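Several structures are given next for inspection.
Two complexes come next, and they have one chain in common, chain A, joined by chain B in the first and chain C in the second.
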Partner chain A sequence: MSPGAETRLWLAQRASAVVLALCVVVHLVTMIAAVRGGLTAAEMLGRTRGSMMWATVYGLFVLAVSIHAPIGLRTVASEWLGWRGRTADAACVIVGVALLLLGARAILAVTL
Partner chain B sequence: MSILAVSVWRGGADGRFQTFTVPRLDAQTVLDVVTHIQRRLDPTLAYRFACRVGMCGSCAMTVNGQPRWTCRTHVANVEENGKLTIAPLAHLPIVRDLVTDMRAFFDKWARARGQFQPTKTRRDDVARVAPSSAARRAVDAAIECIGCGVCYAACDVVAWNPDYLGPAALNRAWTLVKDVRDGAGCERLAAVAGDAGCHACHTHESCSERCPMHLAPTASIAGLKRATALAVLRGDL
Partner chain C sequence: MTISARGNRGHVAYWAFIVHRLSGLALALFLPLHFLVLGQALEGEAALDVFLRWTETPLVQASEIALVFLLAAHLTGGLRLLFVEFVGWRSEAQKMLIASAGGVAAFCALAFALNLM
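Presenting the complex of A and B:
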């Protein structure tokens, strides 16, 4: 991979880490607050269904995970398995796309 | 007279430890111990040293699991119950006994574009660089590396990715990135930004922890990360 692409990946992972830090805080605070209202599916869906705000927050969360995790896995594959090059890069792209699709499906399921 | 039991690596990569008994002396350094073994017990022991006073960096070895300059390491500070284990530096091919082949280490300095690239000729005036300038202070903080290889042997990333340029080569590149007289600019940034370059550093800081010159290669590598990121954002890389 070119030096420019390698640096862009590094920037993307740092930027996505910043987004994740904020999203995790929102997620944890929401969980703590949500438990107080009774932990039922109806209560949770009542909060999320039709909510543009929750779709946006968790949309950002999923997007950040889909960027952050594959870049980290690429490093793990390189350093722990010695797996480098195009096949490793392709595998990490597949993981990223899978995370994005699974996350999007979950968000659509609770907000639509 | 008290004695030391010293296990010394013998042979190449498939070698083994051999134990010697060495008299324990006051103010004795690990290099004194190795020299005693070679001069009094086994003249076939291969090791490398030159200045004996912490200036040349050639006597670095692994002492009780940690890379160190043996000439500046007192036995009193590292011996454990009268025992010492001395091995060659890690992450480098062993030539024989305590001698490693440093070519890979220095080749990486060249790959990181560790050569100064002048922008003026001998007919130009001497460059005037204010010692108080931020760029020069950054150079001063990193320039005193003597290439001993201790940081390289201490680095986990080198162990995981043998192509990784390593702390010393990247530290050298950083001193040139901040040198206002140097003209390599983005070419050097490109040389240090590949998948075996500065972005592979995990900031474990083993290099900064072990550097006998008390430099902080981790900080230099962080500087390279910032410089390469800015170059990408400017469209230069």
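Presenting the complex of A and C:
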């Protein structure tokens, strides 16, 4: 991969990290509050179904994590396993697309 | 930081790097399962409730608390890294930043555990 492309990946991971930082704070606060007194599907879905706000927050969350996680895994594969080059890059893209699809399905399931 | 950084393992920043990396790996492995579970809501509330009842077992609850700690640790460790990369390395502040990151992560896990019980 060219140095320019590596720089773009570095920037994409940092930019996605900033978005994730905000999303994770919201997610942590929500989780800590939601588990009080036990968690039921009715209570959870009652909060998220039909909510544009939760669809937007979790949409951003999934998009950012689908960028952030594969780039991080690519770095770990390179530094700890010595796995780099086209196959590692392709695996990185596959992981990103899989997270995006699974995440989008999860959002549809809890917000529609 | 690369694997060659093992020579620096006496430094607290090395252990912060290890925690950040291992927590990231654990979260990356957990995330697809989390999405698959949430996707069960497509089959209705009852399907999701079956899974939620399973999560009430002590071993699963302990795993959830550990996951909250890992998520919070990856968040706070990541914020420290962003600070180092975009503001600069302040040697004298590193130990304080790393201790704060660990403290906030432990606080989140404890708050989650207390509400869970």
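Criterion: the second predicted complex is superposed on the first by the 109 of 112 C-alpha atoms of A that agree within 3 Å, B and C clash if a C-alpha of one lies under 4 Å from a C-alpha of the other, contacts with A are read in each partner's own complex, and residues count from 1 in each chain.
Simple rule for what comes next: contacts are C-beta pairs under 8 Å (C-beta built on N, C-alpha and C of every residue); 3 or more make two chains touch, one makes a residue touch a chain.
Note that the coordinates shown come from a computational prediction; the quantities given were computed from them, not determined experimentally.
When the two structures are aligned on the shared chain, A:W80 is found in touch with chain B and with chain C. Note on chain A: of its two partners chain C and chain B, the one contacting more of its residues is C. Of the two partner chains, chain B is the only one that A:L11 touches; chain C does not reach it.
Within the superposed three-chain model, A:P3 lies in touch with chain B and out of touch with chain C [touch as defined at top]. Shared contact residues of chain A with chain B and chain C: 79-80. For chain A in complex with chain B, the residues that touch the partner chain are 1-4, 6-11, 75, 78-80, 84. On the chain B side of its complex with chain A, the touching residues are 157, 160-161, 189-195, 197, 199-200, 225, 228-229, 231-233, 237. Chain contact summary for the complex, chain C toward chain A: residues 2-3, 21, 24-25, 27-28, 31-32, 34-36, 38-42, 45-46, 48-49, 52, 55-56, 68, 71-72, 74-75, 78-79, 82, 85-86, 108, 111-112, 115-116. Here chain A touches chain C in the complex through residues 14, 17-18, 20-21, 24-25, 27-28, 31-33, 35-36, 38-42, 44-45, 65, 69, 72-73, 76, 79-80, 95, 98-99, 102-103, 105-106, 108-110, going by the rule given at the top.
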